[in-house]
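We call the chains A, B, C and D, going by the order they appear; numbering starts again at 1 in every chain.
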């Protein structure tokens, strides 16, 4: 079995062991993903990247795992193939940010 | 090559084609992940899950892809093994939310 | 003295008592505002508005206060007159969402 | 009339002109506040405070206004006195962060 499918199954197994599917509407999963992304970001509050990574690597790992677990649950619930979604977005980005314009420039594509 | 490694490589290839590594500090990657999670959530603003999924599935797919690409870039930059992080967090959750207490209850574990 | 100026002064007094101005870059204040907005939103995770407001009114009050204190600190640091900003945005919204199009419709103005 | 009450009335007048009260559940208002806080933060993506403030002051003003308008709408809907909430939180912070411990230290109070 492929890796992402395998991880998704484990996350869903945990959800079902707790009988939590009833709470997992797509809206609340997207909301929860956003909350966990904020908890990851909180590790950098009032600090530089360097200080934060040196001091809080373990917590970053846990919060990133939470982000990813909600992402997999959301994808499962709504019917999104995670791998395909990433590959299609990369193709779209390649068109939006043509190298000759985007090279070394952080400007948003709408302003290029 | 495994699936997650392969996707990470593709995302990094795109980043390098654009010469964007210089902007990708862990703090700004975590910040960007949070911004994309908000854009995913925006699909549900003023709507029920049902309405939103019916109307905006395509945009959800794109925003979820953005979330995941920043998650992979962050993990790569900071040195986190995504698969291991998820599996360790699931083990920790299994201890935090013992089935006999968590079954069908949405309360946070601190209040169980 | 007017009310918003008075509240701003109290928040800045607390910041200075703690000697925290050194951490309060506009970027970290905007980041902190976003984190506190997530903590307010967390009160609604897995719950309807009705349940959440009934159970967590006191915490909502605290998190909303945190949001507002960072908003006042940010405005002060960057040089934004809060009252003027709101009044100008309301005028802009009145043009963006003309009543004959926006009445009772939640669609974003770009799609009107 | 005091300043905050006056601004709240103007925001509610706009909401009612558009007949949007029907969409404004506390959960969706908290969600919207969080989305607008992200849009404010987006001004700092890939940039230092200095660069961002120099280039995007006008947009910051607009996004901060959006944050504040949702904060006022939320407070009104849920029955929170904004001024009282801030003053009570400041008193609580004064106890949580005693000056002799917090002076010049960015550590969260739980770790003091």
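What to note about this one:
Keep in mind that, in the parts below, a contact is a pair of C-beta atoms (placed from the backbone, for glycine too) under 8 Å apart; a residue touches a chain by one contact, two chains touch by 3 or more.
These numbers were taken from a predicted model, which means no experiment stands behind them.
Each of B-C and C-D has its own count of C-beta contacts, and the greater count is at C-D. Residue-number overlap of contact pairs with A-C passes half for only one option from B-C, B-D or A-D: B-D.
With centres set at the average Cα position, the gap from chain B to chain C is 26 Å. A separation of 1 Å divides the Cα centre of chain C from that of chain D.
Along chain B, residues 23, 28, 31, 34, 38, 41, 44, 46-47, 106 each make contact with two or more other chains. Chain contact summary for the complex, chain A toward chain C: residues 23, 28, 31-32, 34-35, 38-39, 41-42, 44-46. Those residues of chain A that touch chain D in the shared complex are 31, 34, 46-47, 106.
Across the complex, chain A is touched by residues 2-4, 7, 10-11, 14, 17-20, 22-23, 25-28, 30-31, 33-34, 37-38, 40-41, 43-44, 47-49, 52-53, 57, 60-62, 64-69, 71, 74-75, 78-80, 82-83, 85-90, 92-94, 97, 99, 102-104, 106 of chain B.
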